[in-house]
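Once you scroll down, you'll see the structures, which are given as C-alpha coordinates.
Next come two complexes built around chain A: one with chain B, the other with chain C.
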Partner chain A sequence: MVNRHVVGAHYGLRDWIAQRATALFMAIYTVVFGICALTLPELSYEAWSGLFSNGLMKFATFLFFLSLFFHAWIGIRDIWMDYVKPTGLRLVLHLITIFLLVGYAGWAAQILWRL
Partner chain B sequence: MSKRTVQFKIYRYDPDKDAQPYMQDISVELEASDKKLLDAIVRLKTKDDSLSFRRSCREGVCGSDAMNINGKNGLACLTDIDKLAQPITLRPLPGLPVIRDLIVDMTQFFKQYHSIKPYLVNNDPAPERERLQTPEDREELNGLYECILCACCSTSCPSFWWNPDKFVGPAGLLAAYRFLADTRDQATNERLDNLEDPYRLFRCHTIMNCVDVCPKSLNPTRAIGKIKDMMVRRAV
Partner chain C sequence: MSEVTVRKQRPKHLAIHEIRLPLPGIVSILHRVSGAGLFLLLPFLLFLFGRSLGSPETFATFEAVVSHPLAKLVLLGLLWAYLHHFCAGIRFLLLDLHQGLDLPSARNSARIVLVVSLALTVIIGVKLW
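Presenting the complex of A and B:
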(Lines of atoms letter the chains of each structure in order from A and count residues from 1; the text may use other names and numbers.)
(Lines give C-alpha, C1' and ligand atoms only; values in the text may rest on other atoms or scores of the structure.)
Protein backbone atom coordinates (compact mmCIF):
# COMPACT_ATOMS: atom_id res chain seq x y z
CA MET A 1 0.00 0.00 0.00
CA VAL A 2 1.28 3.44 -0.88
CA ASN A 3 2.08 5.29 2.30
CA ARG A 4 0.57 8.61 1.33
CA HIS A 5 -1.88 10.86 3.12
CA VAL A 6 -4.80 11.49 0.81
CA VAL A 7 -6.82 14.62 1.52
CA GLY A 8 -9.43 16.61 -0.39
CA ALA A 9 -12.78 15.02 0.41
CA HIS A 10 -14.63 18.00 -1.12
CA TYR A 11 -17.22 18.24 1.62
CA GLY A 12 -17.43 19.98 4.93
CA LEU A 13 -19.01 23.31 4.08
CA ARG A 14 -22.55 21.91 4.00
CA ASP A 15 -22.08 20.32 7.43
CA TRP A 16 -20.55 23.51 8.80
CA ILE A 17 -23.57 25.54 7.62
CA ALA A 18 -25.99 22.86 8.85
CA GLN A 19 -24.39 22.89 12.29
CA ARG A 20 -25.01 26.63 12.56
CA ALA A 21 -28.50 26.52 11.05
CA THR A 22 -29.62 23.72 13.37
CA ALA A 23 -28.14 25.58 16.37
CA LEU A 24 -30.09 28.69 15.39
CA PHE A 25 -33.32 26.73 15.01
CA MET A 26 -32.82 25.00 18.37
CA ALA A 27 -32.16 28.36 20.07
CA ILE A 28 -35.35 29.87 18.62
CA TYR A 29 -37.37 26.75 19.46
CA THR A 30 -36.06 26.78 23.05
CA VAL A 31 -37.28 30.36 23.55
CA VAL A 32 -40.69 29.65 21.97
CA PHE A 33 -41.05 26.41 23.91
CA GLY A 34 -40.09 28.19 27.14
CA ILE A 35 -42.77 30.82 26.59
CA CYS A 36 -45.40 28.17 25.72
CA ALA A 37 -44.53 26.04 28.74
CA LEU A 38 -44.53 28.97 31.15
CA THR A 39 -47.88 30.29 29.90
CA LEU A 40 -49.69 26.96 30.36
CA PRO A 41 -52.80 27.46 32.50
CA GLU A 42 -51.69 24.66 34.80
CA LEU A 43 -48.85 22.17 35.04
CA SER A 44 -50.78 18.97 34.50
CA TYR A 45 -50.50 16.02 32.14
CA GLU A 46 -53.59 17.24 30.23
CA ALA A 47 -52.15 20.73 29.69
CA TRP A 48 -48.76 19.30 28.72
CA SER A 49 -50.15 16.79 26.20
CA GLY A 50 -52.56 19.47 24.94
CA LEU A 51 -49.57 21.68 24.12
CA PHE A 52 -48.00 18.92 22.04
CA SER A 53 -51.22 17.79 20.36
CA ASN A 54 -51.23 21.08 18.46
CA GLY A 55 -50.12 20.29 14.88
CA LEU A 56 -47.76 23.26 14.63
CA MET A 57 -46.10 22.35 17.95
CA LYS A 58 -45.69 18.74 16.80
CA PHE A 59 -44.11 19.95 13.57
CA ALA A 60 -41.74 22.39 15.32
CA THR A 61 -40.81 19.88 18.02
CA PHE A 62 -40.08 17.18 15.48
CA LEU A 63 -37.96 19.67 13.55
CA PHE A 64 -36.19 20.49 16.82
CA PHE A 65 -35.34 16.84 17.34
CA LEU A 66 -34.15 16.44 13.75
CA SER A 67 -31.99 19.55 14.25
CA LEU A 68 -30.66 18.16 17.50
CA PHE A 69 -29.78 14.81 15.93
CA PHE A 70 -28.16 16.35 12.86
CA HIS A 71 -26.24 18.80 15.07
CA ALA A 72 -25.18 15.89 17.27
CA TRP A 73 -24.10 13.88 14.22
CA ILE A 74 -21.69 16.61 13.12
CA GLY A 75 -20.41 17.18 16.67
CA ILE A 76 -19.91 13.50 17.49
CA ARG A 77 -18.34 12.87 14.08
CA ASP A 78 -15.92 15.73 14.84
CA ILE A 79 -14.91 13.97 18.06
CA TRP A 80 -14.26 10.71 16.18
CA MET A 81 -12.29 12.60 13.50
CA ASP A 82 -10.23 14.45 16.09
CA TYR A 83 -9.35 11.60 18.39
CA VAL A 84 -9.82 8.21 16.70
CA LYS A 85 -6.91 7.42 14.38
CA PRO A 86 -7.60 3.90 12.96
CA THR A 87 -9.84 4.39 9.90
CA GLY A 88 -11.73 1.12 10.38
CA LEU A 89 -12.61 1.90 13.98
CA ARG A 90 -13.63 5.44 13.00
CA LEU A 91 -15.94 4.09 10.30
CA VAL A 92 -17.55 1.70 12.77
CA LEU A 93 -18.06 4.55 15.26
CA HIS A 94 -19.55 6.74 12.50
CA LEU A 95 -22.01 4.00 11.59
CA ILE A 96 -23.00 3.33 15.21
CA THR A 97 -23.59 7.07 15.68
CA ILE A 98 -25.76 7.27 12.55
CA PHE A 99 -27.80 4.19 13.51
CA LEU A 100 -28.39 5.51 17.02
CA LEU A 101 -29.40 8.99 15.85
CA VAL A 102 -31.74 7.68 13.13
CA GLY A 103 -33.26 5.37 15.74
CA TYR A 104 -33.72 8.26 18.14
CA ALA A 105 -35.39 10.32 15.39
CA GLY A 106 -37.90 7.52 14.78
CA TRP A 107 -38.49 7.18 18.50
CA ALA A 108 -39.06 10.96 18.82
CA ALA A 109 -41.61 10.85 15.97
CA GLN A 110 -43.40 7.93 17.59
CA ILE A 111 -43.60 9.71 20.95
CA LEU A 112 -44.81 12.99 19.43
CA TRP A 113 -47.52 11.49 17.23
CA ARG A 114 -48.75 9.26 20.00
CA LEU A 115 -50.00 12.32 21.86
CA MET B 1 19.73 47.88 36.46
CA SER B 2 22.10 45.83 38.52
CA LYS B 3 22.96 42.20 37.96
CA ARG B 4 20.21 39.74 38.82
CA THR B 5 19.87 35.98 38.85
CA VAL B 6 17.11 34.22 36.96
CA GLN B 7 15.92 30.69 37.63
CA PHE B 8 15.08 28.36 34.75
CA LYS B 9 13.46 24.98 34.35
CA ILE B 10 14.38 23.76 30.88
CA TYR B 11 13.30 20.75 28.87
CA ARG B 12 16.41 18.81 27.95
CA TYR B 13 16.68 15.91 25.57
CA ASP B 14 19.66 14.67 23.61
CA PRO B 15 18.61 11.50 21.78
CA ASP B 16 22.25 10.37 21.60
CA LYS B 17 22.64 10.44 25.39
CA ASP B 18 19.25 10.54 27.11
CA ALA B 19 16.79 7.68 27.25
CA GLN B 20 14.06 10.09 28.33
CA PRO B 21 13.60 13.86 28.23
CA TYR B 22 14.01 15.59 31.61
CA MET B 23 13.59 19.06 33.12
CA GLN B 24 16.83 20.77 34.12
CA ASP B 25 16.90 23.33 36.94
CA ILE B 26 19.47 25.97 36.19
CA SER B 27 20.04 29.62 37.04
CA VAL B 28 22.02 32.32 35.34
CA GLU B 29 23.29 35.75 36.32
CA LEU B 30 22.18 38.39 33.85
CA GLU B 31 23.94 41.57 32.83
CA ALA B 32 22.10 44.90 32.88
CA SER B 33 21.86 44.81 29.09
CA ASP B 34 19.95 41.50 29.10
CA LYS B 35 16.34 42.52 28.47
CA LYS B 36 14.74 39.70 26.55
CA LEU B 37 14.38 35.99 27.24
CA LEU B 38 16.66 35.24 24.31
CA ASP B 39 19.44 37.32 25.92
CA ALA B 40 19.11 35.15 29.01
CA ILE B 41 19.16 31.88 27.05
CA VAL B 42 22.21 32.99 25.09
CA ARG B 43 23.89 33.83 28.41
CA LEU B 44 22.78 30.47 29.76
CA LYS B 45 24.54 28.78 26.84
CA THR B 46 27.84 30.28 27.97
CA LYS B 47 27.29 28.37 31.22
CA ASP B 48 26.08 25.12 29.65
CA ASP B 49 27.05 24.93 26.01
CA SER B 50 25.18 21.67 25.47
CA LEU B 51 21.86 23.57 25.54
CA SER B 52 20.42 23.63 22.03
CA PHE B 53 17.94 26.13 20.60
CA ARG B 54 17.35 28.01 17.36
CA ARG B 55 17.77 31.75 17.02
CA SER B 56 18.80 34.11 14.30
CA CYS B 57 17.60 37.69 13.91
CA ARG B 58 16.88 38.29 17.63
CA GLU B 59 14.21 40.88 16.76
CA GLY B 60 11.01 38.97 15.94
CA VAL B 61 11.47 38.78 12.20
CA CYS B 62 12.89 35.33 11.49
CA GLY B 63 10.66 33.29 13.79
CA SER B 64 13.45 30.86 14.72
CA ASP B 65 13.31 31.11 18.50
CA ALA B 66 9.68 30.09 18.99
CA MET B 67 9.28 28.00 22.11
CA ASN B 68 6.86 27.23 24.91
CA ILE B 69 7.51 29.83 27.62
CA ASN B 70 5.82 29.25 30.98
CA GLY B 71 3.18 27.20 29.18
CA LYS B 72 2.49 29.62 26.34
CA ASN B 73 4.07 29.65 22.91
CA GLY B 74 6.05 32.76 22.02
CA LEU B 75 9.26 34.16 20.63
CA ALA B 76 12.12 34.32 23.13
CA CYS B 77 13.49 37.45 21.46
CA LEU B 78 10.23 39.40 21.96
CA THR B 79 9.54 38.26 25.53
CA ASP B 80 10.61 40.56 28.35
CA ILE B 81 12.59 38.55 30.88
CA ASP B 82 11.41 40.65 33.82
CA LYS B 83 7.74 40.00 33.09
CA LEU B 84 8.09 36.23 33.39
CA ALA B 85 7.28 34.30 36.58
CA GLN B 86 10.21 32.27 37.90
CA PRO B 87 11.38 29.62 37.52
CA ILE B 88 10.94 30.29 33.81
CA THR B 89 9.82 27.00 32.29
CA LEU B 90 10.99 26.47 28.73
CA ARG B 91 9.81 23.63 26.58
CA PRO B 92 9.96 22.96 22.84
CA LEU B 93 6.89 23.86 20.76
CA PRO B 94 4.22 21.26 21.61
CA GLY B 95 3.04 18.65 19.16
CA LEU B 96 6.11 18.46 16.93
CA PRO B 97 8.86 15.83 17.20
CA VAL B 98 11.79 17.02 19.31
CA ILE B 99 15.19 16.87 17.62
CA ARG B 100 17.12 18.07 20.65
CA ASP B 101 16.32 20.26 23.68
CA LEU B 102 14.25 23.20 22.40
CA ILE B 103 14.67 22.32 18.72
CA VAL B 104 11.69 20.71 16.99
CA ASP B 105 11.30 19.09 13.60
CA MET B 106 9.14 21.52 11.59
CA THR B 107 8.77 19.24 8.52
CA GLN B 108 5.07 18.61 9.06
CA PHE B 109 4.40 22.30 9.64
CA PHE B 110 6.09 23.32 6.39
CA LYS B 111 4.48 20.45 4.50
CA GLN B 112 1.09 21.89 5.38
CA TYR B 113 2.27 25.39 4.50
CA HIS B 114 3.46 24.22 1.07
CA SER B 115 0.21 22.32 0.49
CA ILE B 116 -1.73 25.58 0.12
CA LYS B 117 0.58 26.80 -2.68
CA PRO B 118 1.94 29.85 -0.88
CA TYR B 119 2.74 31.81 -4.02
CA LEU B 120 0.85 33.95 -6.52
CA VAL B 121 -0.77 31.99 -9.34
CA ASN B 122 -1.31 34.23 -12.34
CA ASN B 123 -1.20 32.86 -15.86
CA ASP B 124 -1.28 36.22 -17.63
CA PRO B 125 2.01 37.27 -19.26
CA ALA B 126 4.17 39.03 -16.69
CA PRO B 127 4.01 42.81 -17.14
CA GLU B 128 7.17 44.75 -17.74
CA ARG B 129 7.41 46.10 -14.19
CA GLU B 130 4.86 44.77 -11.71
CA ARG B 131 1.26 43.65 -11.25
CA LEU B 132 -0.44 46.70 -9.83
CA GLN B 133 -3.19 46.76 -7.20
CA THR B 134 -5.43 49.56 -5.99
CA PRO B 135 -4.64 50.75 -2.46
CA GLU B 136 -7.98 49.24 -1.34
CA ASP B 137 -7.08 45.84 -2.78
CA ARG B 138 -3.65 46.03 -1.21
CA GLU B 139 -5.28 46.88 2.11
CA GLU B 140 -6.87 43.40 2.09
CA LEU B 141 -3.47 41.80 2.56
CA ASN B 142 -2.70 43.64 5.79
CA GLY B 143 -2.74 41.31 8.77
CA LEU B 144 -2.00 38.37 6.48
CA TYR B 145 1.36 38.87 4.80
CA GLU B 146 3.18 39.67 8.06
CA CYS B 147 3.27 36.02 9.19
CA ILE B 148 6.85 34.90 9.91
CA LEU B 149 6.04 31.16 10.07
CA CYS B 150 7.34 30.74 13.61
CA ALA B 151 4.72 27.98 14.18
CA CYS B 152 3.61 29.38 17.56
CA CYS B 153 -0.02 29.29 16.38
CA SER B 154 -0.18 25.87 14.75
CA THR B 155 1.62 24.20 17.65
CA SER B 156 -0.81 25.72 20.16
CA CYS B 157 -3.78 24.34 18.22
CA PRO B 158 -5.18 21.02 19.52
CA SER B 159 -6.66 20.27 16.09
CA PHE B 160 -3.13 20.49 14.68
CA TRP B 161 -1.80 18.29 17.51
CA TRP B 162 -4.38 15.57 16.73
CA ASN B 163 -4.18 15.73 12.93
CA PRO B 164 -0.94 17.45 11.84
CA ASP B 165 -0.90 15.37 8.66
CA LYS B 166 -4.43 16.37 7.61
CA PHE B 167 -5.33 19.74 9.16
CA VAL B 168 -3.56 22.64 7.45
CA GLY B 169 -3.31 24.52 10.75
CA PRO B 170 -3.73 28.23 11.50
CA ALA B 171 -0.44 29.36 9.93
CA GLY B 172 -1.14 27.52 6.67
CA LEU B 173 -4.73 28.74 6.57
CA LEU B 174 -3.69 32.35 7.22
CA ALA B 175 -1.29 32.02 4.28
CA ALA B 176 -4.05 30.40 2.20
CA TYR B 177 -6.32 33.36 2.80
CA ARG B 178 -3.45 35.75 2.04
CA PHE B 179 -3.51 34.40 -1.55
CA LEU B 180 -7.31 34.05 -1.71
CA ALA B 181 -7.56 37.73 -0.77
CA ASP B 182 -4.99 38.79 -3.37
CA THR B 183 -6.70 40.36 -6.40
CA ARG B 184 -3.70 39.42 -8.56
CA ASP B 185 -4.18 35.71 -7.89
CA GLN B 186 -6.18 33.69 -10.42
CA ALA B 187 -6.45 30.35 -8.63
CA THR B 188 -9.25 31.24 -6.20
CA ASN B 189 -11.49 28.31 -7.15
CA GLU B 190 -8.66 25.79 -7.07
CA ARG B 191 -7.56 27.11 -3.68
CA LEU B 192 -11.10 26.81 -2.28
CA ASP B 193 -11.44 23.30 -3.77
CA ASN B 194 -8.17 22.35 -2.12
CA LEU B 195 -9.45 23.49 1.29
CA GLU B 196 -13.01 22.18 1.10
CA ASP B 197 -12.33 19.18 3.23
CA PRO B 198 -13.54 18.18 6.70
CA TYR B 199 -9.92 17.83 7.81
CA ARG B 200 -7.94 20.47 5.92
CA LEU B 201 -10.12 23.44 6.91
CA PHE B 202 -13.01 22.28 9.06
CA ARG B 203 -10.93 20.82 11.90
CA CYS B 204 -10.76 24.42 13.13
CA HIS B 205 -13.23 24.64 16.03
CA THR B 206 -12.56 28.36 16.56
CA ILE B 207 -10.96 28.06 20.00
CA MET B 208 -8.58 30.91 19.05
CA ASN B 209 -5.42 29.62 20.73
CA CYS B 210 -3.68 30.80 17.56
CA VAL B 211 -4.82 34.39 18.09
CA ASP B 212 -3.82 34.23 21.74
CA VAL B 213 -0.20 33.29 21.03
CA CYS B 214 0.66 35.00 17.72
CA PRO B 215 3.77 37.13 18.43
CA LYS B 216 2.91 39.34 15.45
CA SER B 217 -0.65 39.92 16.76
CA LEU B 218 -2.20 38.37 13.65
CA ASN B 219 -5.62 36.73 13.62
CA PRO B 220 -5.68 33.34 11.85
CA THR B 221 -9.19 32.66 13.19
CA ARG B 222 -10.54 35.67 11.31
CA ALA B 223 -8.75 34.53 8.14
CA ILE B 224 -10.26 31.04 8.53
CA GLY B 225 -13.69 32.65 8.94
CA LYS B 226 -13.15 34.61 5.75
CA ILE B 227 -12.20 31.44 3.85
CA LYS B 228 -15.49 29.91 5.03
CA ASP B 229 -17.31 33.09 3.94
CA MET B 230 -15.82 32.75 0.47
CA MET B 231 -16.94 29.12 0.32
CA VAL B 232 -20.46 30.05 1.41
CA ARG B 233 -20.66 32.81 -1.21
CA ARG B 234 -19.46 30.36 -3.83
CA ALA B 235 -21.91 27.61 -2.84
CA VAL B 236 -25.11 29.32 -1.72
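Presenting the complex of A and C:
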Protein backbone atom coordinates (compact mmCIF):
# COMPACT_ATOMS: atom_id res chain seq x y z
CA MET A 1 0.00 0.00 0.00
CA VAL A 2 1.21 3.43 -0.84
CA ASN A 3 0.81 6.10 1.78
CA ARG A 4 1.02 9.23 -0.27
CA HIS A 5 0.34 12.63 1.22
CA VAL A 6 -1.60 14.64 -1.26
CA VAL A 7 -0.79 18.31 -1.06
CA GLY A 8 -2.40 21.32 -2.66
CA ALA A 9 -5.81 22.92 -2.59
CA HIS A 10 -7.59 19.80 -3.90
CA TYR A 11 -9.74 21.73 -6.32
CA GLY A 12 -8.39 19.92 -9.38
CA LEU A 13 -10.36 16.69 -8.99
CA ARG A 14 -13.45 18.53 -7.79
CA ASP A 15 -13.44 20.77 -10.88
CA TRP A 16 -12.69 17.80 -13.13
CA ILE A 17 -15.79 16.03 -11.79
CA ALA A 18 -17.90 19.20 -11.87
CA GLN A 19 -16.94 19.76 -15.53
CA ARG A 20 -18.25 16.29 -16.40
CA ALA A 21 -21.33 16.35 -14.17
CA THR A 22 -22.49 19.69 -15.58
CA ALA A 23 -21.74 18.40 -19.10
CA LEU A 24 -23.89 15.33 -18.53
CA PHE A 25 -26.81 17.39 -17.21
CA MET A 26 -26.57 19.84 -20.13
CA ALA A 27 -26.39 16.98 -22.65
CA ILE A 28 -29.59 15.40 -21.26
CA TYR A 29 -31.31 18.80 -21.10
CA THR A 30 -30.29 19.52 -24.71
CA VAL A 31 -31.93 16.32 -25.97
CA VAL A 32 -35.12 16.90 -23.91
CA PHE A 33 -35.27 20.55 -25.02
CA GLY A 34 -34.72 19.54 -28.65
CA ILE A 35 -37.64 17.12 -28.53
CA CYS A 36 -39.89 19.68 -26.78
CA ALA A 37 -38.97 22.42 -29.27
CA LEU A 38 -39.47 20.19 -32.31
CA THR A 39 -42.92 19.05 -31.09
CA LEU A 40 -44.16 22.62 -30.52
CA PRO A 41 -47.38 23.07 -32.52
CA GLU A 42 -46.14 26.40 -33.93
CA LEU A 43 -43.30 28.84 -33.31
CA SER A 44 -45.37 31.60 -31.71
CA TYR A 45 -44.87 33.60 -28.52
CA GLU A 46 -47.69 31.68 -26.79
CA ALA A 47 -46.27 28.23 -27.56
CA TRP A 48 -42.64 29.22 -26.87
CA SER A 49 -43.31 31.00 -23.55
CA GLY A 50 -45.76 28.22 -22.59
CA LEU A 51 -42.90 25.75 -22.82
CA PHE A 52 -40.83 27.68 -20.26
CA SER A 53 -43.66 28.71 -17.91
CA ASN A 54 -44.12 25.04 -16.99
CA GLY A 55 -42.64 24.73 -13.47
CA LEU A 56 -40.48 21.69 -14.15
CA MET A 57 -39.12 23.12 -17.42
CA LYS A 58 -38.35 26.44 -15.73
CA PHE A 59 -36.48 24.64 -12.94
CA ALA A 60 -34.54 22.43 -15.41
CA THR A 61 -33.74 25.42 -17.63
CA PHE A 62 -32.38 27.40 -14.70
CA LEU A 63 -30.28 24.40 -13.67
CA PHE A 64 -29.06 24.22 -17.27
CA PHE A 65 -27.93 27.84 -17.10
CA LEU A 66 -26.16 27.33 -13.76
CA SER A 67 -24.45 24.20 -15.15
CA LEU A 68 -23.48 26.14 -18.26
CA PHE A 69 -21.95 29.02 -16.29
CA PHE A 70 -20.00 26.74 -13.93
CA HIS A 71 -18.86 24.62 -16.90
CA ALA A 72 -17.82 27.78 -18.75
CA TRP A 73 -15.91 29.05 -15.70
CA ILE A 74 -13.75 25.90 -15.56
CA GLY A 75 -13.20 25.86 -19.33
CA ILE A 76 -12.37 29.56 -19.68
CA ARG A 77 -10.18 29.49 -16.56
CA ASP A 78 -8.20 26.64 -18.16
CA ILE A 79 -7.75 28.70 -21.33
CA TRP A 80 -6.36 31.64 -19.31
CA MET A 81 -4.10 29.26 -17.35
CA ASP A 82 -2.75 27.74 -20.57
CA TYR A 83 -2.07 30.88 -22.58
CA VAL A 84 -1.71 33.87 -20.22
CA LYS A 85 1.59 33.73 -18.35
CA PRO A 86 1.75 37.09 -16.45
CA THR A 87 0.08 36.40 -13.09
CA GLY A 88 -1.48 39.84 -12.65
CA LEU A 89 -3.10 39.84 -16.07
CA ARG A 90 -4.34 36.28 -15.58
CA LEU A 91 -5.87 37.22 -12.22
CA VAL A 92 -7.69 40.15 -13.83
CA LEU A 93 -9.02 37.87 -16.60
CA HIS A 94 -10.17 35.32 -14.00
CA LEU A 95 -12.04 38.03 -12.11
CA ILE A 96 -13.67 39.43 -15.27
CA THR A 97 -14.78 35.90 -16.21
CA ILE A 98 -16.30 35.31 -12.75
CA PHE A 99 -18.08 38.69 -12.71
CA LEU A 100 -19.53 38.09 -16.17
CA LEU A 101 -20.76 34.58 -15.38
CA VAL A 102 -22.34 35.58 -12.04
CA GLY A 103 -24.04 38.47 -13.83
CA TYR A 104 -25.31 36.12 -16.55
CA ALA A 105 -26.79 33.84 -13.85
CA GLY A 106 -28.79 36.79 -12.49
CA TRP A 107 -29.84 37.74 -16.01
CA ALA A 108 -31.03 34.17 -16.75
CA ALA A 109 -33.00 34.04 -13.47
CA GLN A 110 -34.68 37.34 -14.32
CA ILE A 111 -35.65 36.13 -17.82
CA LEU A 112 -37.16 32.89 -16.50
CA TRP A 113 -39.00 34.24 -13.45
CA ARG A 114 -40.62 37.11 -15.28
CA LEU A 115 -42.75 34.48 -16.99
CA MET B 1 35.43 33.71 -13.91
CA SER B 2 33.26 34.38 -16.83
CA GLU B 3 30.00 36.28 -16.34
CA VAL B 4 28.61 34.92 -19.54
CA THR B 5 26.14 32.13 -19.18
CA VAL B 6 25.59 30.33 -22.37
CA ARG B 7 22.03 29.14 -22.62
CA LYS B 8 21.71 25.87 -24.34
CA GLN B 9 19.64 26.31 -27.46
CA ARG B 10 16.85 23.83 -27.02
CA PRO B 11 15.05 22.80 -30.15
CA LYS B 12 11.67 24.43 -30.37
CA HIS B 13 9.09 23.58 -32.91
CA LEU B 14 6.17 25.92 -32.60
CA ALA B 15 5.66 26.67 -36.29
CA ILE B 16 1.91 26.18 -36.07
CA HIS B 17 1.46 26.20 -39.85
CA GLU B 18 3.90 23.29 -40.12
CA ILE B 19 2.47 21.13 -37.35
CA ARG B 20 0.16 18.53 -38.84
CA LEU B 21 -2.45 17.81 -36.19
CA PRO B 22 -4.00 14.34 -36.34
CA LEU B 23 -7.83 14.12 -36.41
CA PRO B 24 -8.23 13.66 -32.63
CA GLY B 25 -6.04 16.76 -32.18
CA ILE B 26 -8.27 18.75 -34.54
CA VAL B 27 -11.39 17.66 -32.60
CA SER B 28 -9.66 18.64 -29.37
CA ILE B 29 -8.63 22.15 -30.42
CA LEU B 30 -12.04 22.75 -32.04
CA HIS B 31 -13.62 21.75 -28.72
CA ARG B 32 -11.69 24.57 -27.09
CA VAL B 33 -12.34 27.05 -29.92
CA SER B 34 -16.09 26.29 -30.00
CA GLY B 35 -16.31 26.61 -26.21
CA ALA B 36 -14.52 29.97 -26.27
CA GLY B 37 -16.77 31.20 -29.09
CA LEU B 38 -19.92 30.19 -27.23
CA PHE B 39 -18.63 31.95 -24.10
CA LEU B 40 -17.85 35.16 -26.00
CA LEU B 41 -21.31 35.30 -27.55
CA LEU B 42 -23.24 34.37 -24.36
CA PRO B 43 -24.51 37.97 -23.94
CA PHE B 44 -25.97 37.88 -27.47
CA LEU B 45 -27.67 34.54 -26.80
CA LEU B 46 -29.05 35.67 -23.42
CA PHE B 47 -30.29 38.88 -25.06
CA LEU B 48 -32.14 36.83 -27.70
CA PHE B 49 -33.50 34.41 -25.09
CA GLY B 50 -34.78 37.32 -22.98
CA ARG B 51 -36.42 39.01 -25.98
CA SER B 52 -38.07 35.75 -27.06
CA LEU B 53 -39.69 35.29 -23.62
CA GLY B 54 -40.45 38.89 -22.60
CA SER B 55 -43.80 39.63 -24.24
CA PRO B 56 -45.41 39.28 -27.70
CA GLU B 57 -43.83 42.66 -28.59
CA THR B 58 -40.28 41.66 -27.58
CA PHE B 59 -40.86 38.31 -29.34
CA ALA B 60 -41.40 40.32 -32.52
CA THR B 61 -38.04 42.09 -31.91
CA PHE B 62 -36.47 38.66 -31.43
CA GLU B 63 -37.89 37.48 -34.76
CA ALA B 64 -36.67 40.64 -36.50
CA VAL B 65 -33.14 40.23 -35.12
CA VAL B 66 -32.81 36.52 -35.98
CA SER B 67 -34.11 37.07 -39.52
CA HIS B 68 -31.25 39.49 -40.27
CA PRO B 69 -28.76 37.71 -42.60
CA LEU B 70 -25.72 38.59 -40.46
CA ALA B 71 -27.44 37.35 -37.29
CA LYS B 72 -28.41 34.16 -39.12
CA LEU B 73 -24.79 33.59 -40.12
CA VAL B 74 -23.57 34.16 -36.55
CA LEU B 75 -26.28 31.86 -35.15
CA LEU B 76 -25.42 29.17 -37.69
CA GLY B 77 -21.81 29.37 -36.51
CA LEU B 78 -22.93 29.15 -32.89
CA LEU B 79 -25.17 26.18 -33.74
CA TRP B 80 -22.14 24.38 -35.18
CA ALA B 81 -20.06 25.38 -32.13
CA TYR B 82 -22.71 23.99 -29.77
CA LEU B 83 -23.14 20.75 -31.73
CA HIS B 84 -19.40 20.20 -32.10
CA HIS B 85 -18.86 20.88 -28.38
CA PHE B 86 -21.73 18.48 -27.61
CA CYS B 87 -20.47 15.63 -29.85
CA ALA B 88 -16.81 16.05 -28.92
CA GLY B 89 -17.84 16.25 -25.25
CA ILE B 90 -19.64 12.91 -25.46
CA ARG B 91 -16.50 11.47 -27.09
CA PHE B 92 -14.34 12.79 -24.24
CA LEU B 93 -16.75 11.35 -21.64
CA LEU B 94 -16.47 7.94 -23.34
CA LEU B 95 -12.66 8.25 -23.39
CA ASP B 96 -12.82 9.02 -19.65
CA LEU B 97 -14.68 5.73 -19.26
CA HIS B 98 -11.84 4.01 -21.21
CA GLN B 99 -14.02 3.43 -24.26
CA GLY B 100 -12.28 3.54 -27.64
CA LEU B 101 -8.81 4.38 -26.34
CA ASP B 102 -6.84 2.51 -29.02
CA LEU B 103 -5.57 4.58 -31.94
CA PRO B 104 -7.83 3.27 -34.75
CA SER B 105 -11.03 3.74 -32.66
CA ALA B 106 -9.87 7.14 -31.41
CA ARG B 107 -9.26 8.32 -34.98
CA ASN B 108 -12.55 6.85 -36.11
CA SER B 109 -14.56 8.48 -33.31
CA ALA B 110 -12.84 11.82 -34.05
CA ARG B 111 -13.97 11.54 -37.67
CA ILE B 112 -17.52 10.65 -36.54
CA VAL B 113 -17.61 13.73 -34.26
CA LEU B 114 -16.56 16.06 -37.11
CA VAL B 115 -19.02 14.55 -39.60
CA VAL B 116 -22.01 14.23 -37.24
CA SER B 117 -21.71 17.76 -35.85
CA LEU B 118 -21.48 19.22 -39.37
CA ALA B 119 -24.38 17.09 -40.63
CA LEU B 120 -26.59 18.06 -37.65
CA THR B 121 -25.70 21.73 -38.22
CA VAL B 122 -26.86 21.47 -41.83
CA ILE B 123 -30.07 19.56 -40.94
CA ILE B 124 -31.11 21.85 -38.07
CA GLY B 125 -29.95 24.94 -39.97
CA VAL B 126 -32.09 24.04 -42.98
CA LYS B 127 -35.07 23.21 -40.74
CA LEU B 128 -34.88 26.54 -38.89
CA TRP B 129 -34.35 28.71 -41.97
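Here is the rule we use: the second predicted complex is superposed on the first by the 106 of 115 C-alpha atoms of A that agree within 3 Å, B and C clash if a C-alpha of one lies under 4 Å from a C-alpha of the other, contacts with A are read in each partner's own complex, and residues count from 1 in each chain.
In this text, a residue touches a chain if its C-beta (ideal position, glycine included) is under 8 Å from a C-beta of that chain, and two chains touch if they have at least 3 such contacts.
Predicted model only: the values in this text are computed from it and were never measured.
Here chain B and chain C are compared by how many residues of chain A each touches, and C touches more. Look at A:Y104: by the touch rule set out above, it reaches chain C but stays clear of chain B. In the superposition on chain A, contact of A:G8 is made with chain B only, not with chain C.
By the document's definition of touching, neither partner reaches A:A47: not chain B, not chain C.
Once chain A of one complex is fitted onto chain A of the other, the partner contacts of A:V92 are absent, as it touches neither chain B nor chain C.
By the document's definition of touching, of the two partners only chain B reaches A:I17; chain C does not.
In the overlay built on the shared chain, the residue A:M81 is in contact with chain B alone; chain C does not reach it.
Contact residues on chain B toward chain A in their complex (touch as defined above): 158-159, 162-163, 165-166, 193-194, 196-203, 205, 228, 231-232, 235-236. Taken in their complex, chain A has these residues touching chain B: 5, 7-17, 78, 81-83.
Against chain A, the residues of chain C that register as touching in their complex are 32, 35-36, 38-39, 42-43, 46, 49-50, 52-56, 59, 86, 89-90, 93, 96. Chain A makes touch with chain C in their complex at residues 20, 23-24, 27, 30, 45, 48-49, 52, 72, 75-76, 79, 100, 104, 107-108, 110-112, 114-115.
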